[in-house]
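A, B, C and D are the chain letters, set down in written order, and residue numbers restart from 1 in every chain.
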Amino acid sequence: MSERVAVIGTGQTKHAAKRDDVSIAGLVREAALRALEDAGLGWADIDAVVIGKAPDMFEGVMMPELYLAPALGAVGKPIMRVHTAGSVGGSTALVAAHLVTSGIHDRVLTVAFEKQSDSDAMWALSVPQPFSAPLLAGAGGYFAPHIRAYMRRSGAPGHIGMQVAVKDRLQALKNPYAHLHLPDISIEMVEQSVMLWDPLHYLEACPSSDGAAAMVLGSEQAAAAAQVDTGRRPAWVHGMAMRSEPTMFAGRDQINPRAGRECAADVYRQAGVTDPRRDFDCAEVYVPFSWYEPMWLENLGFCDEGDGWKLTDAGSTSMDGGDIPWNCSGGVLSSNPIGASGMLRFLEAAMQVRGEAGEHQVDGTRRALAQAYGGGSQFFAMWVVGTDKP
Amino acid sequence: MFYFLHGARKVRGIDCEEVTVDQTAGADEGVLTSAHVLEYPYSRSVGPVIGAFLTGLRDGRILGASGSNGSVVVPPTEYDPETAEATGELVEVGPAGTVTSWAWIADPAPGQPLDHPFAWVLVRLDGATTSVLHVLDAPSPSEVRTGMRVRADFLPATERVGRIQDIRAFVPADDGGPG
Amino acid sequence: MPTPPSARGGRRPVAVVSFAQAQNQRREAHRNEVETLMPVFADVLGKVGITKDDVDFICSGSTDYLVGGPFSFVSALDAIGVWPPRRESHVEMDAAWALYEAWVVLQEDGVDAALVYGFGKSSLGDLSRIVALQLDPYVMAPLWPDPVALAALQARALLDAGKASEEDFAAVAARCRRSALDNPMAQVAYDRTVDELMTEDYVVAPLRRHALPPITDGAAAIVLAAGDKAFEWAERPAWITGIDHRIETHSPGGRDLTLSPSTAMAGRLAGVQDGRVDVAELHAPFAHQELILAQALDLGEGVSVNPSGGALAANALMAGGLIRIGEAASRIMDGRADRAVAHATSGPLLQQNLVAVLEGGR
Amino acid sequence: MAEAREPVTTLDTPIRLEYLFSAGIAQSKNLRGLAEGRFVGQRCPVCSKVYVPSRGSCPVDGVPTDEEVALGNTGTVTTFCVVNVPFAGQSIEIPYIVAQVLLDGADISFMGLIQEIPADQVRMGLRVEAVWVEPDQLGPSMASVKHFRPTGEPDAEYASYKDYT
């Protein structure tokens, strides 16, 4: 009964540690204007705007959709602001997509951003709160123990994380928008980088970036019109899902969270995917620390539990000869404007399906998966996009 | 860092009734409270248009942006606030203008531009089609009215750094100007 | 089986079937947000005899700046128990927009019921400084204008335009606070005449103390249900026959502050004009704003405006808009009204507005 | 004014907001326990799991955890990481160990500092006990726990804590 929805335009900024050439409005407009241009549309063609970002404390602007509404052409239109922690870029795209699948709007602009250099990401993510435990470990200190637990549970050898770190940075060299371009990246270089939170090296962690991502989502009619105007085909959304679970509770599996498994099952059912490794041509998955690639390979059902690291080890997730390339854009390990990082996954999957990914295009991609997660591995957002109209 | 509060705090009067909030309530049942400060010295990159505006303020002049249908937006934005299309060239406006609304503040709060009583004002600068929010340094509310002429009073050049507070305040101006 | 009234926009009839709120108060001295929300959830689910497992979607509205720390919505989830994993989302907006998101999701198959909630403890910080951070961060927020001063600029514009008098502001405040005497959840209720109120001092001229809202700690929740499920759970569901929201430009100096074109547009698209309005719950934190909103919605004589007392009786930030929808829906559900308008606002000086039309049908 | 200056490209807008944070009823009970040098957990009436610290609700069942449970001083390291990076607010000499500690009788682990053992000898399953600060330093905060140190008992079996990593 739902209407079809497709991605008909994508745009992103050049991501960088500090985009000191733009205001907040300038940053989001850079991505939004590229998405509009890609869709062959102007501001007046848009029916509604959905904007997402992580905590307001990054920029020190409370509910910035109010200040940004005129910058995004939203005057006289509906605008919504989503915040679901690290998964927000993905869930923002899903809220926008529902505005189309529900039959309410035809063309929705969705934007996600973070201009975290206005403050400091480490500070904003862990503003010290009264009565809470003293800051013991910093951001990675939260995830490193889970990585150790994964290694113990799966028996993965120590070099797997470094392999992911190298692979994603090599792939980022093919993405002109990526923040990190490290042409000399190698296992040795990762190994010799500072061991931040043992077992995590510095080069196994994501950077802190300024950046924005934008998409125009269209109804079946809007997609047909855009294809005629621009000659570029839409990426059809074959399935979308969100799941949340509590931050902590007795017996919670933080390595292979049930919310992630069930979110994947839901989105696969909608898209008719039964064997993700076979049915997808590539995937964009939120991997902020290298070891999350093998963990999410298992969580997303690309292999049996405990076998994720074997796929990484065999090079299966590499663009260079792998059968199921992950994060051809360079992923979160290469660009991390936190609020936009999830939307970049969704957007990059759409670019692959549209054949518009340039140098990091996986030829012949017909179906791709995007995943974003946030909080303490507790919020998940996913979509499946494909070339075929569902 | 941790303390139990004794005595009630008088809360700044923005309630609809004079209220004194008893912050010891709850302590009787052992509920703990603590002071918490959220503080950061944000440093914002401003981009070309706001950058030009702030540079202009540092130089002692006020710039607006040309928008659609002959509008001149002050303070200027990269985009027309109604259509989102990019704004055009920057034009000098003011420094005099007309008050379009005002509100008298008898008891200024910390961080506000003046530490003695003043009026918040919306000022339509000569040559602009929108109004700027700032403060008016006037002796009393009886000397403020909508439609009155005012002009920007800049800080001395040596004290201007390129921020909205480079305009110290607006002041009454009996210039008989366009108002 | 009865049929729901015809609706605009949506393809599937969706109704409010339950509403609950915490006692609105100046300072909740004991409970944290989780402890405040738990009894509200028990109440809102209990009223229709369901559990958290009966809802397919959960959506909330809140802001980190009231608490002064990031991710405040995350711990609030512990008040529900989102296990097994749930389909859940959050807007950093008044929870009225969370309700809008839920209404959108309910238009599709597979989702038949949603729990929507909002919460805000305004007593923790200094609201007059916090809210200044909603303004343009380059040229307005650095001046730290407080919300009362901004509201006074708007009230002055109304006076200057000859659209209202200070007595009109007092009349709104007197009526709302008098209505609030019948609302056990209200924070401020009294029976005072306009003449009495006009003797109060100005806080920021032309606003006297009565024209201001209280500062409130509060929380609220609503259960939405689609189609048959609404009839199953409620004797008389409050059907959302229209809902829309619009925003205006940001800078107060770029708007005619005496008008609310976004409210007018949302109201038109929600179908306010399609029938007689019995009750209107308008989210007007300042007395003069009710006049602007009533005019924008073209509410004529005979409409009972803010029978709950409105935001002048309790002003829980991030929940206040949702409470307007809940109060309007309650009057449909208990048969006191057949057709109600609910309004929510966000941002400085009514920048963003949502309007919903609720109907009981036959 | 005379000399040409660089155009303005950045704007400093310091923000300072003051709050009165309130811990709430349940968390206050736990914090007052810490001020007395002991751990206080709370049991969920539905699933019987013991939470420490509790925020007042069971995150699974969404009901108040009213029953207080006194917990002992010992527990097990379920997983850990070695911190090698200096960062703002840090007061301990690097490298050091931050571990998830599962107190005996509790059903949830929390983060704690491990000391009095060389960093390279810390392991999953290590049995530890809390070392509290001097009595006059005790306060309603996890800062009352100076660190955890090995008890010398044999390591816990992996199976006993693998669900709590």
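Following the convention adopted for this analysis, a contact is a pair of C-beta atoms (placed from the backbone, for glycine too) under 8 Å apart; a residue touches a chain by one contact, two chains touch by 3 or more.
This structure is a prediction, so every number in the text was calculated from the model and none was measured.
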Neighbouring chains common to chain A and chain B, by label: C, D
Gap in Å, rounded to a whole number, between the CA centres of chain C and chain B: 28
Length of the line joining the C-alpha centres of chain A and chain D, rounded to whole Å: 30
Distance from the mean Cα position of chain D to that of chain B, given in whole angstrom: 43
Inter-centroid spacing, chain D versus chain C (mean Cα positions, whole Å): 38
Residues of chain B touching at least two other chains: 2, 23, 26, 29, 31-32, 34-36, 38, 40, 42-46, 50, 54, 81-82, 163
Junction residues of chain D - those touching two or more other chains: 9-11, 13, 15, 17-25, 27, 31, 58-60, 140-141
Chain C, residues touching no fewer than two other chains: 29-30, 65, 68-69, 75, 77-78, 81-83, 123-124, 126, 129-130, 133, 136-138, 141-142, 249-250
Topology of the chain contact graph, where touching chains are joined (line, ring, star, complete, other): complete
Residues of chain B touching chain C in the complex: 11-19, 21-23, 25-26, 29, 31, 36, 38, 42, 44, 46, 50, 53-54, 73-75, 81-82, 100-105, 109-113, 120, 122, 124, 130-135, 141, 146, 163-165
Of chain D, residues touching chain B in the complex: 1, 5, 7-25, 27-29, 31-32, 139-141
Complex contact set, residues of chain A against chain C: 1-2, 23-24, 54-57, 59-63, 65-67, 69-70, 74-85, 91, 95, 98-99, 101-104, 124-127, 129, 241-247, 249, 257-259, 262-263, 375, 378-379
Touching residues on chain B, where the partner in the complex is chain D: 2, 5, 9, 23, 26, 29-46, 50-52, 54-55, 58-60, 157, 161-163
Complex contacts: residues of chain C adjacent to chain B: 26-27, 29-30, 68-69, 123-124, 126-129, 136-140, 142-150, 152-154, 156-157, 160, 173, 188, 202-207, 209-215, 249-254, 257, 312
